[in-house]
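Should a chain be cited, it is by its letter among A, B, C, D, E and F, assigned in written order, with residues numbered from 1 in that chain.
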Amino acid sequence: MRGLLVGRFQPFHLGHLAVVRAIRATRPDDPLILGVGSAQASYSGPNPFTAGERIEMIEAALDEADLGEVLAIPIPDIDRHALWAAHVESLVPRFERVYTNNPLTRVLFERAGYTVVAPELVERSRFEGVRVRQRLAADDGWRDLVPPAVGRVLVRLRAPERLALLRDTRDPGSSVGGA
Amino acid sequence: MRGLLVGRFQPFHLGHLAVVRAIRATRPDDPLILGVGSAQASYSGPNPFTAGERIEMIEAALDEADLGEVLAIPIPDIDRHALWAAHVESLVPRFERVYTNNPLTRVLFERAGYTVVAPELVERSRFEGVRVRQRLAADDGWRDLVPPAVGRVLVRLRAPERLALLRDTRDPGSSVGGA
Amino acid sequence: MRGLLVGRFQPFHLGHLAVVRAIRATRPDDPLILGVGSAQASYSGPNPFTAGERIEMIEAALDEADLGEVLAIPIPDIDRHALWAAHVESLVPRFERVYTNNPLTRVLFERAGYTVVAPELVERSRFEGVRVRQRLAADDGWRDLVPPAVGRVLVRLRAPERLALLRDTRDPGSSVGGA
Amino acid sequence: MRGLLVGRFQPFHLGHLAVVRAIRATRPDDPLILGVGSAQASYSGPNPFTAGERIEMIEAALDEADLGEVLAIPIPDIDRHALWAAHVESLVPRFERVYTNNPLTRVLFERAGYTVVAPELVERSRFEGVRVRQRLAADDGWRDLVPPAVGRVLVRLRAPERLALLRDTRDPGSSVGGA
Amino acid sequence: MRGLLVGRFQPFHLGHLAVVRAIRATRPDDPLILGVGSAQASYSGPNPFTAGERIEMIEAALDEADLGEVLAIPIPDIDRHALWAAHVESLVPRFERVYTNNPLTRVLFERAGYTVVAPELVERSRFEGVRVRQRLAADDGWRDLVPPAVGRVLVRLRAPERLALLRDTRDPGSSVGGA
Amino acid sequence: MRGLLVGRFQPFHLGHLAVVRAIRATRPDDPLILGVGSAQASYSGPNPFTAGERIEMIEAALDEADLGEVLAIPIPDIDRHALWAAHVESLVPRFERVYTNNPLTRVLFERAGYTVVAPELVERSRFEGVRVRQRLAADDGWRDLVPPAVGRVLVRLRAPERLALLRDTRDPGSSVGGA
């Protein structure tokens, strides 16, 4: 029975890895799909990395952790929430079980007939996306928050520099005056 | 001479009903179109209900109030305001008179050659969409703010539960950590 | 060697003119393209004017200042920043040099192989788009902030009235209760 | 139990009216929704009329035929067929029964759990949209194919002239050489 | 009184130049806008060149022909014909007179209140976009069909090679089997 | 050095498998990405299967053939070919080598600086997508054209029935008359 875990993974951090590990431990034989949400977004404050970069981080981290095969699939946003479940269904292989702590995601998938499970979160306050991004932007203390393999990808992408820049910036359409 | 009243109707409340009643009283023989704005949106804080659910509320309320035939038409947002009047024109039957208190809507329709009338608002502070949604989310005191027929639709949709959930939630794309 | 300067020009003010003049002075023989960003937007607080109206202002101002031929091209937003440079490339004639003070624009064009130059800003605090729009909305003290030719366009468009209206308004989709 | 009949109604002709009449005869107490498909399209060969014009025709024809209340709702195309049923569900009031002879529509609604019924077609070869449009473009013999009330709308819209023009034309983007 | 001529200019050929020259001769003092239609399209059979490349051709040809200042503005397609005139209006400076031989464009602008003029076409059968593109794809006899300055741009873009390739190709999404 | 092979895989057939096998044989240590083109499409003649269904077929076939890990990523169409390479880049992990026989895909990736390789095609006339789909629609002789594991997925999806239905059908928006 395939499971689906949706997140933005900006970036893929130790909290995410703990959730994947817990799902794996509970259901070792079920294939797991990671839906990479807001896949169209990148180079913005809350979404600094492209979907491709995030999939690269996920592949590297799961390989390093020897957590078996996981299918990472980009899911672009759809501005019509009522179509969300059908949208995801059309982009990923058949799944039966959804893992989420987002109550809206829960409702939308329950309406569509899925079993929804809330994964236990490990040290939520520490491993929170926004906190990891703040640490990256300050280039301070972020290495303890991500798997080593993700750290290497982030260094190669010069992530601290990118995050610092995005913290204070506006859309690329408005460039004369700048930040 | 057909009239057009545009609103989001999230949900259709007694303030909306009073406006329809007043238009009806002034021009009893004119057909009236209700444009259901932001029709693409649903399951979000300011837009909890789908266009179809909102049309269901409107139909039920006007039937109950015996306010005659009203045509309810979904109008999706268009992110280009300069095209707004042409966008609405293409989706609804011909109309000559627009009812609105929104100054931007007024200007956009006046530019397109329409007569724009400001309907009198009844107890604006009480019957305001955002307030009705807050009461629904608290499941407290909302029944006095909507027509009885709308109340029955809201109960069937388990609206208080949906609104409570949406108050604290983020987009469905970001589900690992949740609310 | 053609240069590209991207901005929203809402409206085209003396700060913009000073930047164009400085670029012209440094590279008198290079054709210059003005990319009019957020071209799809208009009739909103930060984007009151249509792309066409902004191009009209630019043409009038540069003609008046005798600053030679400049090509003004509308650039709609693209919500995918990773595609921004390719998007602009496909809409404007070949260019080699980008002028911008926006660090995100800088990075996106550098990634795409362009030379990026930061134009010097003249009295930035005074000539800032948001400030010019506030003055227009108050119809007070805005004439000193724009070239005379732009002032004439703004008067013809009844810009102070439009800006005042947009300051307090919401989307045209939600018109019953209004501002 | 509400029923849903989806069509493009370009224009609403006697074949459509016969289908509505047959549904009404079989289930006189069920409200009926007419989904006006390809609602975004107009001024093209297969889609000459706007959604608003088509709703006007439907309202006039059903009023004339005294066929009771029918809810006409514009349904824009969605280029993702897997999301079609969820798309329609979000735009119209709750329905339980779908009327269609289109096998794809049947499958998409059956997948979503709906009862699908094939309405009997009356003189299909005569009352076919493409044939009605050909007759309109030739301004010959079309009046026998539409309800009288629709005929009056078509005359007011100068439909024969519009159809003749659209028969030989290309998109508005390519205008120098023309037809 | 500004005039507007809309075309796709794929590529800008001698027929287009003759039309511009004729408009200039009739109304020497009126500024002229060239709307570059289907601006979003490129690298396809009917639309081989980007909007930016087409604007480059127009600038070069009009400069060479000493035909005065012409404003070339990209106009992306909008799949909603009823909004076409409002769409163009929002992207280009105010205009009063539209030049077109496309009957649909004529109707859409007349509905919006514009004066529409049919420019006389010079040797239409010879100077037709599709014919110029066929000659380019065959790299045979195309130089007599375009202004010399456009010829130089086409050589720099290696247009015959690009056109030959596009003649037999499918969308980039389907690449295993290829042409 | 990661490689990228883009196709629509409607469905994933033995010709596709042979190409993957050949790439694997030549470069056994390079990770391979399969870009699933036209990912937004499904339930249409040329695109019967959703992206998720196609990824399921690919996973099953490569697992069966023991061809090692391949990353399958959905790539929605983008109607702007000039942005194609940047679009793909943003959705998949970094790659250096593109495999394609589509000349347009070749040009678009070469412009973006990639090495493009044409994979050798095995019995092209036999293993062609359109031919496999025809055989499926006739439910005759298709099993020899797909890997056994894909055959099992196709049976579970009742593919012959779906393909037969799609052969004669129109868009779901036009359902009264049907096929």
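One rule holds for everything that comes next: a contact is a pair of C-beta atoms (placed from the backbone, for glycine too) under 8 Å apart; a residue touches a chain by one contact, two chains touch by 3 or more.
If you're wondering where the values come from, they're calculated on a predicted model, not measured in any experiment.
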Neighbouring chains shared between chain C and chain E, ordered by label: B, F
Angular offset of chain D relative to chain F [C-alpha, multiple of 5 degrees]: 120
Rounded Å distance between chain B and chain D, as computed from the means of their C-alpha atoms: 26
Averaged-CA centre spacing for the pair chain C and chain B, given as whole angstrom: 36
Cα-centroid distance, chain A relative to chain E, in whole angstrom: 45
Shared-contact residues (touching 2 or more other chains) in chain C: 42, 50, 80, 82, 89-90
Inter-chain touch pairs (all): A-B, A-C, A-D, A-F, B-C, B-D, B-E, C-E, C-F, D-E, D-F, E-F
Residues of chain B that touch chain D when the two form their complex: 39, 42, 50-53, 55-56, 59, 69, 71-74, 76, 89-94
Complex contacts: residues of chain C adjacent to chain F: 80, 82-83, 85-87, 89-90
Chain C-facing residues of chain A, complex: 40-44, 50, 162, 165-166, 168-179
Residues of chain C touching chain A in the complex: 5-9, 15-16, 19, 37-38, 75, 77, 79-82, 84, 99-105, 107-108, 118-119, 121, 124, 128-129
